[in-house]
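Please find the structures below.
The following pair of complexes shares a single chain, chain A, combined with chain B in the former and chain C in the latter.
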Partner chain A sequence: MVNFLKRVFFVDVLAGLALTLKYTFHRVYTEQYPTEKPKLAERYRGAPRLNNDPETGETLCIACDLCAQVCPEDLIVVGSERDPDTRKKVLTTYTFDTSRCLFCGLCQEICPTNAIELTQDFELATYSRRNMVWDRTRLEQGWDRIDYGADRETASGRESSRYERKTG
Partner chain B sequence: MDSVFIISYVVIPLLKIAVIVLILSGAIAYLTLLERKVIAHIQVRLGPMRVGWHGLLQPIADGLKFILKEDIVPSRADALVFTLAPIISLVPAFVVFSVIPFGPPGMLEGVLRWALSPFFSPETVQSIVESGSVSGGFVTDINIAVLFVLSVSSVGILGIILAGWASNSKYPLLGALRSSAQMVSYEVALGFSIIGVLLIARSLSLVEIVQKQQQDQLWYIFVQPVAFVLFFICGMAETNRLPFDLPEAETELVGGFHTEYSGFRFALFFMAEYASMITASAMATTLFLGGWLPPFPSVPAFSFLHLVPPVIWFLLKVFLLLYIFIWVRGTLPRFRFDQLMKYGWKVFFPVALGNVLVSAGVLLRFI
Partner chain C sequence: MIEPTILDAKEIEINMGPQHPSTHGVLRVKLKIDGEKVRQAECIIGYLHRGVEKISENRNYFKCIPYYDRTDYIAAVSNGLGFILGVEKMAEIQVPERAQYIRIMMTELNRIASHLLWLATHALDIGAMTVFLYCFREREEILKLFEALFGARLTTHAFRIGGLWKDLPPGFVEAVKKFTDEFPARVDEYEQLLTKNRIWLDRTRGIGVISAAEAIEYGLSGPPLRGSGVPYDVRKLRPYGGYENFEFDVPVGKNGDTYDRYLVRIEEMLQSRRIVEQILQKLPSGPIRGKVPRVLKPAAGEYYSAVEGPRGELGYYIVSDGSTQPFRVRIRPPTFISLQVLDRLVRGHLIADVVAIIGTLDIVLGEIDR
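Let's turn to the complex of A and B:
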């Protein structure tokens, strides 16, 4: 009898409608991604960066090659030469292949001078595979990439990425 | 005399029709946006946000896209019927609005006097304003309006059946068959649910039905709640809306009757669906919710509600019902086909019939 009355007065349907009405005013989960960047975790590991000494502007890397040795993917290549005067190793080239990187963060853990660091930048997509290998200038100065959020006009044209035209 | 005739029976009705068609087209376009927005928020999404502020220009972008898309007629299809079908389903949905009253008779009297007085003598203006339904808030008031609406709106389903047949393809045909079965089982209950109102109003004219609700100081939803619920459910089935959208049933029938349609012909079907949603809401408003009347039309304490123009009240109620249409779509899953037939014949039809008998008995015995 109760069940019959429930069906006659659409109790379940009304309960469903009440639920959907409640969710209509629920906080929306959607992120407006390119215009609105997500808030990342504090220790998020993203794009690599090779730090310079903020006072002298010289690189912090002492070319000890520890990052290259600890890397499980073997994707870091450190090039160096010995300065004949000071008998110190000097960094010449440094490449970091982001296409193979698993962002484990071992390189930044082991680095004795905090030279290599994984930043919070996660926008690593690019149009060519070769472009995913970051060289020393890109690691130090960042990547001149298309910013989809700030300027929607250039977002449609690939040509707007000056960096890619130079290298890719 | 002649100019009076032309103005009051040709020019002014044509102007009214133009205004209604324009407003209706705009309403259909923005109803799609409303639906996408409401359903998105029910699902805790945002819906269209890119075109214009919060997607306000999305309907225009969609319309442009439909026009620019390739219009395909399948090679084995019956080209003539294939072309006619979307038109047949769209036109009736618009035609129905010729009898739906947006406002009371005499609503436009002041406007007409103001517009006509510089050009005609006062006597001519008087005779224009007083002739026919020129100054009413409706295109025409015919004494069989309810019948007219029922018969014309069922022609719309003919378009769906023709589309399914002419496409010469399996899924559209299945959709069309479902549509015809659905029409047969729901139109009966729909018709019977209106009879209760007709018995009380003693009229088939939609204008008079609203005026009777003013006289009785009561919207008919309070006298005929069962009929209202039935009318609304059957209206949903009639307009092929979820949970009764079996002729389309994307998950089972690809797209149902419009599987083979593309470009602007598809857009016509889409518009027809939304137009008939508006039709069903407008009919429910007129029959059960007091049309252009504010709540408590004759209670002096609520007379301030008359300050809002009657058209606004009408549109508000229609909007409310449309929102419920969308809300229900966002809530309920689709019925299985046998469930649909079961509810149509075994539940709604007997209940509607019982409602008619009980109302008739009460009216005979007590009033």
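Let's turn to the complex of A and C:
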């Protein structure tokens, strides 16, 4: 009998509706992504970076080639030459193909000097495939990527972004 | 005489997928229908084949691991664990206790996340959109935990051979505790929306019934098997990686229909939460990575390691020829095997029920096609 009355008066449906009504007065969970950048975890593995020594400005990479060997996709190419005076290997070129990267983090794990590092930067979209292969300058300095207008005023000295030009 | 047209046909063959939102990926189902009734269903797979097994033959054991995150990308942690446990068995590597506990904790959180995604999309397929939004809210919390510990949300590359990459970050235990404390109330919300809802009952009860004997014959595992009342769980029967230290129940269903499988998965989430709570109480301190040789050359032989993934028994059959690379890796994907039961389940049901049945099998095409 009780079950019958519950069925007639739509108790099961109303219980669900009461719950959704409760959430109408609740804090909104949605993140406003392009305008509000999410704060990513410290360990997040995003865009690669080749670190320089903050004091001398010289690269930390000792061209040991371990990152290239450990990479599952073989996408790191380390170019080096031997300094005739010190008999040490010196880094000349370094390319990193982000289009094939799995972001597994094995390269930064094995690096003995913390030279290659995957940063919290995650906006890697680009207009051409060629832009996905990062050379040494881009790895060291970061790249001038598309600014989706999050903090347009504060972006230092950056002219109107490519996105703006596209949309007019 | 009038030419017979398609309207006179007794059986019509239609395509569902590969770009159908309810096939959860790129599954193509050829349906033979008579009116609204489904007579036969044929699954056509392979649209997402990437050759993960073949790739592994050309990589050393350390490099293989990230690829297995990409087979069943919704349960990347369990997938990585299965392979790593296999390699550790082959090379006889001891894992420290703390690493074992953290591994189990993260695998169980992954099970919750996976079941939440299943519940969300399954309910969305059947027409309950609110559940989708609520489930993703909780899943987001788990993914944030993954991000804090592993450094990635989906393809986590969670564990390493011999232990973990890094120890828990500061504040992590409190964050997990906050999640486990809040979680039962959230499950109550899903149940309030679904369990007694008449539409949900009509759409799931008596749909896709499979008996226990038949489920065993088909080789099902995981919730599709337990929904039929068989308490088969690798964690209980062949404990691996320290599961024998924890208490949990294996929920089983009675009727083997979609509704029972739903109840089983809801209860499994709560049981996973129970395991996580036990780990938080007795998390030992100590090292997180055992001794692993720099060049890993397991002795030649054949090894099988199985874990209970969110979708069922996830096995890795690894053949070593004594070199640094596996000679052959064969994955036993749970949903590849549950998918073959689809034809048996959909016969006689309506087209709309096919959506519910595909949902209840909880397939992931990345794993089926590999």
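One rule holds in what follows: the second predicted complex is superposed on the first by the 132 of 168 C-alpha atoms of A that agree within 3 Å, B and C clash if a C-alpha of one lies under 4 Å from a C-alpha of the other, contacts with A are read in each partner's own complex, and residues count from 1 in each chain.
Note that a contact is a pair of C-beta atoms (placed from the backbone, for glycine too) under 8 Å apart; a residue touches a chain by one contact, two chains touch by 3 or more.
The model shown is predicted, which means the values in this text are computed figures rather than measured ones.
In the superposition on chain A, contact of A:16 is made with both chain B and chain C. Once chain A of one complex is fitted onto chain A of the other, the partner contacts of A:102 are limited to chain C, with no touch recorded for chain B. Shared-chain residue A:70: touches chain C; no touch with chain B. Using the contact criterion defined above for the overlaid structures, shared-chain residue A:128 touches neither chain B nor chain C, since it reaches no partner.
Counting residues of chain A touched by each partner, chain B versus chain C, the larger count belongs to C. Once the two complexes are overlaid on the shared chain, A:26 sits against chain B while remaining clear of chain C.
In the superposition on chain A, A:42 makes contact with chain C only, while chain B stays out of contact range. Residues 13, 16, 19-20, 29 of chain A lie at the contact with chain B in one complex and at the contact with chain C in the other. Residues of chain B that touch chain A in their complex: 38, 41-46, 49, 229, 327-328, 330-332. Listing the residues of chain C that touch chain A in their complex gives 59, 62-67, 130, 137, 140, 144, 147-152, 155, 157, 165-166, 169, 189, 192-194, 196-199. Note for the complex: chain A touches chain B at residues 10, 13, 16-17, 19-21, 23-30, 32. Across the complex, chain C is touched by residues 7, 12-13, 15-16, 19-20, 29, 40-45, 70-72, 102-106, 109, 118 of chain A.
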